[in-house]
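Letters A, B, C and D mark the chains as written, and numbering starts fresh at 1 in each.
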């Protein structure tokens, strides 16, 4: 297991390197001259050239690429923003926690509601509770979250005045509306996954065994069945966490949350390439670590998988699942 | 079919006219169609029949653990120790499950919760049925049970996937017997096991039953197992008991054509036969049972009378019951 | 000799395929939601395709004095901030939104199939290299990747389609590969190999057809997902250009009026939600029909 | 069992912690996560009115975002109301469009407007206690010239220190208003403080104004608190930059509907420069008060001067386009009816604007006339391209509609700021370009847009019209800035349809009526000066 973790961690290096090269290359081909953006339309050609020289934009692509990779992977420095000359790492330190909070609140809502909804549907299979839950889930997937965000703002901020519509000044309360509008997809997926996973489990012989032992129905569902059904759900949660972390960008824009999303989108508009590159590399690394943790969590919950990790021969199969 | 005898006390387990149906995709499956059985303490009744004949359903009906979706007990009574289990509230029923009645399942590979240690699974049933004031330590009891079924107590905190099939079945048995049940429902306890393991497990079950004077309903399709363990035999076909008597009666004088067919399908070590004689045809579609005798389409002796209406139970010459209107004709022919 | 031996295999295959197809259709026709989904989807596509003939107004016909009209018989969904008929715009918008979704998924599925089947069939180093490259793409959160690509390419219909499809190639490639690996174990592949079938023949006539069912399901769901994502991109100004009435772009433009004229955001949003909903119905139905084991 | 349970919990927690740890946790040295919680949305009684916040902090919503507090800035955002709260400048423009000395104690000019001698106050200190001398100002001017972010500064030939608190500036041009504008944009900051800052004042800033910055988050908010140790005698401070309000927060809100939401939910007390479509909702609501600013910024349609573009040399086509556009329609659609038509390419607030122009015809909207003009032109159905910023897409759409009505085929090209900046001066990239125009003097505006020698490619649209150029140069000197010469340029641009003034949108400031405003003071841009105004119930 230890070797497995080390191997996965080592794999992250080439992946991060690949991400860096990919984003750097994409940025190189983005239309718009950063020097011009920085200096404004009225800058003279000499000024622009001087600025380009300063930013290293006049060097050949490979020189700049290797310089950049050297900065990031040898000196561990993501550089400074071109626009504000503030250290990118420092800004990420301030902004990332907000995105994480938003994601965590989103996940809590999504799984806090999704799991009971899925269990309800599974335990009342083919009854009205099932249909209602599943149609709700379908609708949840179908509603674009930025649209829902607009509607929620009108309802809860403008009309009812219950929740703030922007910013993070109110602490956790500020994250409720963004999280609510961001959670529908994850909630629906969670509910559906819980349902099908529960249905598989409920039919399993060991559930009959549990019943035959005189275990109360509630315990049968929540202790015996859910615990088994949770295994795929936990993977789903991990994956959802990763996806939400990167997918909250539009929601951050709508709710004016100064997190990673608004940081990267804003920098993209300003052609602040180092920020886009640094932000993306950072998110990619976080995402990879998360995926590793999901796999480990998976092993921790299911003793069978752990046994597989232990016997290294079967590692391949696990990887395919991941 | 035991004759109703109001003068004697009720047997320990007494099932009367049990009817169970499933609804699936809008079709009704007639799984059990009026089964009556009885069993005394310390005795073993073998329930024999093909796959899908309704044996497992009967066992699950006794425990009332039929799947929620679609399964329904439509009629009948199940008396245990004088109590009608079908009328008990769920709370009372829960006290009986695993305690007074427990069940051993067919497939040990899937019958254990994969994310719970085996010890926990045994201890759980003990804990659930602790009487008020009972100071038994569930964990100790679980360890004791492991030893009883021949597993070292040190393996208490291992997970099912660390055990072999036979060992798992021992764990299942340990769970079933942990509370000294009065009635043990063993649903093909050896089918999924290797032949050598089968014998060990059967011996174990038989030993424990004798030790605790437990009544046992043994469900199987294996006549050999019946011969080894049972006192009485009920042969079931398409949700109906077609022949019912002591082991001796049924084995010596099988009367119902289906039973005869079953014996014909067992290789006899003493005779040098070239072919086994499987029963022609397939079991009927339980959603669409034939009119009259359910076995009539496969029965070499069937007449028009068989296909007309439900068949009554007849008592045979040596005193066991048979649901066939042609027993005399058959007896003659079989000689 | 080999020819005579191979002949029966594909034929059997086909026979199996055909009855399989019939079975799937039969299963599907039993699923009420899926049938509703298909019906609504067909109506939507027809409406979008025939928009120039059906729409009561031109989508870019302005009528400034009549801006913000609420829904009425004259303007079914009302008019927007420039007095344009929202109903007509939603109809026309369907052309862009639905075709963005379908095109992007088509491209990513085809590329995903190529990449995935090469990786899945050849295995070993080829597989390893391809998978690591996909790892790189997948390490970047999908939405971020699409936003970056969209801004590199600039706005526009084709560019949006490309941005959307690039991001979803890894997922479909992975899925196909996993399916391939499973399928490759089967004996008939070994049989084909033993009689010297070319690798391409094995991939295309044996392996791929048997890997298609999960791909079909995921593509259907993918179209739904992509329509939402495309709308999201338009919403932050990276999608198609106005006055093209793409649904997401309509929402984005209407946002500043949402408090005084909510119908401006309600109808395009409903159009997206409805389309995605019915696509999911169809996807679910297909999955149940294609893989009865999954049906609960 | 226990162990595994614990392990799984630990892993789950680890998942969270690692993410948080990876980015160093939440604490940051100087930027608090939550600023001083401006207000609390009131629960329940959504009666349509605003609620008192009464927290002593005036929270103002404003659309122009700043990412950094650096004093070296381009023209973007230069008029934002918080700029004067950050750095004191040598002079300030008041609401009467007069330059008033601020940090400069006095100045004299010689040499026909080419040389200036400036004296600053000798007691200037910044919020970190640094004493400011002429060295600091000279350093700032030199750095600004080097940074080349503001075109005006390129016209400085030399800066020399002449005493502890005096210095001399020599200019290469004596254009009207140039020196005043330089004074306004010369910030008084301490070189030592700037060099001590780790990121050039980007996130932490030492101010010289009467305020200090207590919180800043790029693109999100900036908070100010009045300094106790302000150096200047309050009676000597120009009224428009007086410091009355003790605490002010500017909340950057870029999106129109969010501004409304923020105002209604009490997130902000006041919104400056609210787009008209949102602002009109508050005009009839007694819970809110409004102020309509004079039209400082107008929208102008520039025609490409690049020969490759059909409009460049086709006067009739340009005139047809001007005639086809209905300014009233634009005002209705874009400004919700709150705006006025333009009669020049500059708004009437520019110094030198002649009010008589307002009564003259200026391409009155006439679809038939436009069609006739179009018929006379060489237009042959080509696709003309309108370039605009992505935030002005709607205006371009409306114009597209008008041009479509007379049979001109138009394609939109709405770009984000970065891309727009890169190509807006390149006339080969568009036929028409929609841009907002604000200018202190006509001469200043003309020099940026119509001087054929201004850029390598010609004027602001790649045009090389030297006739116009000569006319412009005449107006640049102090003696030549006459009504006659100005008229000449005005009519030349108008008759040849070199560019077309579309309309002046009304700009709104909306605030809670119960803010308790006494004696509103306005800045030169026409916005209420939030620092100088007294609010009794902020």
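Throughout what follows, a residue touches a chain if its C-beta (ideal position, glycine included) is under 8 Å from a C-beta of that chain, and two chains touch if they have at least 3 such contacts.
These numbers come from a predicted model, not from an experiment.
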Inset, instruction - Please state, in steps, how far chain C lies from chain B along the shortest route of touching chains. - result: 2
Inset, instruction - Give the chain pair, either A-C or A-D, that is connected by more C-beta contacts. - result: A-D
Legend entry - Per Cα centroids, the chain farthest from chain C: B
Inset, instruction - Could you name the chain whose Cα mean is nearest to the mean of all protein Cα atoms here? - result: A
Inset, instruction - Please compute the C-alpha centroid of chain A, do the same for chain D, then give the distance between them in whole Å. - result: 37
Inset, instruction - Could you grab the centroid distance between chain A and chain C? Build each centroid from C-alpha atoms only and quote it in angstrom. - result: 22
Legend entry - Centre-to-centre distance between chain B and chain A (centres being mean Cα positions), rounded to whole Å: 53
Inset, instruction - Report, in whole Å, the distance between the mean C-alpha point of chain B and the mean C-alpha point of chain D. - result: 88
Legend entry - Multi-partner residues of chain D (each touching 2 or more other chains): 260-261, 416, 419
Inset, instruction - Pull out every residue in chain A that's touching 2 or more other chains. - result: 31, 125, 158, 245, 269, 285, 301, 303
Inset, instruction - Two or more other chains in contact with one residue: find those residues in chain C. - result: 151, 154, 255, 258-259
Legend entry - chain D-facing residues of chain A, complex: 31-34, 36-37, 39-45, 47, 50, 80-81, 83-87, 90-94, 96-98, 100, 104, 153, 157-171, 238, 241, 245, 256, 258, 262, 266, 269-271, 282, 285-286, 289-290, 293-294, 296-297, 300-301, 303
Inset, instruction - Could you pull out which chain A residues touch chain B in their complex? - result: 123, 125-126, 203-206, 208-217, 224, 227-228, 231, 301-304, 307
Legend entry - Of all residues in chain D, those that touch chain A in their complex: 4, 7-8, 11-12, 14-16, 18-20, 22-26, 28, 31, 33-35, 37-38, 40-46, 67-68, 70, 74-76, 148-149, 151, 154, 199-200, 202-203, 217-221, 251, 253, 258, 260-262, 264-265, 267, 416-419, 421-422, 424-425, 448, 455-456
Inset, instruction - Would you pull the chain C residues touching chain D in the complex into a rising list? - result: 60-62, 64-65, 67, 81-83, 151, 154-155, 237, 241-243, 253, 255-260
Inset, instruction - Can you check the complex and tell me which residues of chain D touch chain C? - result: 255-257, 260-261, 275, 277-278, 281, 329, 332-333, 390, 393-394, 396-398, 400-401, 404, 412-414, 416, 419
